[in-house]
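Pasting in a structure now, in structure tokens, and then I'll have a few things to ask.
Note that the chains are named A, B, C and D in the order they appear, and that numbering of residues resets to 1 at the start of each chain.
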């Protein structure tokens, strides 16, 4: 019963009895920790936004620990990765992407120099042991993630040194050996990892044995054999294919004599080879690629698959690149090559709905060369794996966890045939081990991270100004040798400064915008971190659903979603 | 946390009671539950939730921001208008401070009386007077001018949403030129309001009071700084806060802040500070927007957006000229304070953290 | 009850004269009532004020239509022949003028006393306010209020030199007129 | 102490005796002298109050509203157009049940412009919900002013002390002004329970929906109604202390067996009394109505019992109806057995001088069977063209 008081006055704050929450027509604000696009794009599974958040607060070691929770080799990927994270970075919509790659490398090197401990514990003595074939980035990642999952790892490497293609195929100008050795060394020294060198599958150890002796087998042999090169007409008897030449050069520092060279292919191996040969004294190096060079209208699917920086440096160094072309025929003088006939080519959609490479008749021309080097990709060496290889000489992995048709056998990295980067191999290793660990515990496969990605349009860019991207030091073309690393270290100050450029896509910045700008006082600030990782709660008893908080959230962490609230909830 | 805060509140109440000579009473448990998260907010909540403002109301936001840094030792005189109606539907009130509503046009005079009462009783409780643009620019203007002239120790805050919104969007002297309202509708003969927005701040400044300023809900930290500054001044101070009205301006409720921000960025609502009649400070616009960016978001200017209508083009050009005038008159173009100003500015404005301007 | 009507011009202090007379009556122990003929007149315009003096409460609020006495503050007002309208038979008029009593009395057919009050005021007070001189002459002639009551009333209004000058003026005027000359009118 | 004082000066002195915390007023003839005298008291240091020199009557009313709502004893004064300019605030003060005092120096309302006395101004706001008390003379005005502060805070209602402009405000008469000590002893300090106060923050002036409005309105009506005994009690208490009263709600004078009565408010009563004293013939009862709001219906019925005719004097008219007081008296007496016949006349509009001889004219007019139910009694209709009569 209402009792009307004198003059009809009201007692303070009584409006709280009136729940305006039921005014929301359809949507209510929700905290959504969407994937930052860098994270979504990272094959290794790093959450760059998360470790940048640590850096923003000046916690460098925490940033590294966050980073290596997914990728144990930041010193390596920070040098060799084509960094799709930067391509995806939302800062592009304001100025230029974050220099994630450079900061990652700095973090990796910092960890080595400071001797920070990897965030792992020694597995129990009787912990299940996983056999890993190959010590390339995939194998090393798998071994590391075994430790993170409480498993032991035993690596079988055919060569006398660990590292796989990191050692055999990547020139020290991109990945100096001391940096590689230091990071791999620290990783392999972790308790719970056993490394067997010179243990070649099919010769020193058999797959069937491993299947029985170990809880699971991860095959990470890499691609050690070049693909067959199809070209019309005759080929020289001394035809060298690219990977082979590269390895030879790594081991002996020598290339066959040639004045003018044509390289056929479009990957990092091809570019590395071109640059090394040019530096070695070859007058003219021509790369013939079916893909396109980057340009404003270039279809990403058509883009040449090399690290952009490497491509840029190659052009700086005078490599000639013929895009949208293929080698049709070799011009021979006896057993010697005197030229290559190249023809224009493009990937076009066929009537069957698939992409086809179409050569255009009448566009043929001849480039005079002394040597032609096919560098069109590699495939798995069959040793010890005969019955597992498919018709293209790859291992068939059927899911995201890299399972093969055989129980407890996983195939990761380049050997899957659908991979091409160090980061992908590292990601494969992590996922395969997570599946194995779950499997051993009798659990279902781990949930894939199906969070939506935060698009640039989801941010409120008003709150972010333009900031210049860090520019790493670089050796001038004239000073580039075969050993000295071309790109330099950005240093602590630049790394921390670069971190301030991160937009924290989809992550709460605790900027207070929602708390400050709610006309209905329906955002509650909490001292403790709430479950969703922010310091704010929505008081849906009063939220009218105006959407200001979502609109003004700088990072898109607040989004308007379908309302599920009922009064009294 | 709970106990500390409750202890603080009880101590504060005791202090106030001491000051006002009241018999101590326990805090009313009903509305100060102490234990809830809501009661532990690290800010003073003078305007509570549960008020009946529209979704995305700029005025409700502005009033809340003002109260945060003004209260609790204040008393408010509120003119008739949306703010009054949506906060105090009897038997409820959203106010946590002493508050009185009398009439549309007398909040400045009622506040004068309250201030005189405080003086007579030797108390220094600050008096606030609130009014909308109708109650300030128009019907309450005389009372306001009198209050300023008599030099009462009052902070007058005008929540400027540029029309009589409470009665259904009729034009006021604060309505911008060419805006369509229910009493200045756009039609075949007329392009909305025929007259200009009154330059109230200059008129207020001509009273040579210690401090008068404009602010915008889009820049809450700036707004709150101005309130704190005014609170510290012994004498009359005046603040006009640009407060978008989604209903009257005809924009979506979620873009309230964005609309207000663009008003500042295009120069149509200059954010300035005036001390003793002289412009002391302005909020610089780093990147000046065309007025169309601001006007185009709002239905009240919809009739100006037809590039094929020469009348629309003329009015749009006129508004652009008015904005340009403001920019040159107040010298608004420039660097300085980050325009995207929030409470957590250091966390957000990465360019500033990076040392770039 | 004795009723008075005071004629003057805006700015000459007609109301003040009425209040002064009423105050004097109060000082002498009477009840009194004094009020102007309320108007919106400006400086120089003819104005009227009224005084009632009695020994019991005065309830009547109407203007004085049949005065016992007239006090005329400015002889230019004599141009208005109606100035003596309603004057009770046997009533008397005191006029601020340099003219002779007879001249004015003849013109208006009533008992008249002329006092050059402005000149006297200028001499004693330095301002052309005729009230003190007129009232002093009037009270001396009627005798129904002691002149001391006027002095007391003046003491409630003025201080220092101004008061002394006014009191000196009273002394001077009382010597100029015949005490009790109009006394019988009190019983009229 | 008895003094010969101008009415306005006496009112200013009376107000000062009540120690008001806040005074706000705007000058208007004939209220001006009250404000001037208050200003002078402040200037001389005889009155310590916050004197707010506002820019309009509207603000004057608003200022005292704000001040009283903040727990201050507040006072204002106005007249005529000023009262009408205040009208909106006056309704507001009463509706919010805020206790304060206002003196109205009653004056006609223009057009045509007229600065002289009648009751059109206070009548225009009679429905505002204020208590309205009329004073016959300046002694009553002084006493009622002091009483009004007590009545206001005892009832949580504003009180309008109505005194005739010029006729009282500009008239000097002998008035007994109480001492400060006496008033302080008699008048309790100001208390307003709902006062704005940061340690107990209430909201005043809320929006009341149709769900509650009739109840709130009724409570206001009941409160004004219930002020009747308060007014009587306060006057009685005053009389006990100061040995004089103001006549409570109304007073009746004259022969017990009189068949004719005259009812009036304000200073007119004095002239009528004098007129009756001097009138030959059977005596008449004189009824002085002091409380116009609340309207003392019961007291009035008792006062008129036994009368055959009652002449009701109005000092304001409601064009198209006639006298306002007359109409209210009629409606009050309606249905009363042997109710007197009402003769309603407006006199003295716009300051028309009321001679004592009017009593005779009034009394003889009731003999005329063709007399209209209402007339502007002292108007010379021959001055009007026939079509405008």
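Note that a contact is a pair of C-beta atoms (placed from the backbone, for glycine too) under 8 Å apart; a residue touches a chain by one contact, two chains touch by 3 or more.
Only a predicted model underlies this, so the values are computations on that prediction, with no experimental measurement involved.
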item	value
Per-chain Cα centre nearest the global Cα centre, belonging to chain	B
Between subunit B and subunit D, centroid-to-centroid distance (C-alpha), Å	43
Cα-centroid distance, subunit A relative to subunit B, in whole angstrom	50
Centre-of-Cα separation between subunit C and subunit B, whole angstrom	65
Distance from the mean Cα position of subunit D to that of subunit C, given in whole angstrom	34
Subunit A: positions in contact with at least two other chains	2, 4, 8, 10-12
Contacts with 2+ other chains: residues of subunit D	96, 201-206, 208, 212
Contact pairs between chains, per stated definition	A-B, A-D, B-D, C-D
Subunit A residues within the subunit D interface of the complex	2, 4, 6-12
Contact footprint of subunit B on subunit A as seen in their complex	2, 4-5, 8, 10-20, 23, 462-468, 497, 500-503, 509-513, 515-522, 524-527, 537, 539, 541-542, 544-548, 550-552, 554, 560
Subunit A-facing residues of subunit B, complex	1, 28, 31-32, 37-38, 40-42, 45, 47-58, 60-61, 64-65, 87-97, 217, 220, 246, 252-258, 261, 338, 340, 342-345, 347-356
Residue ranges of subunit B touching subunit D (in the complex, touch as defined)	13, 16-17, 19-20, 22, 25, 72-75, 77-78, 84-85, 87-93, 95-103, 105-106, 108-121, 125, 142-143, 145-146, 149-150
Of all residues in subunit D, those that touch subunit A in their complex	95-98, 156, 194, 201-206, 208, 212, 215-216, 219
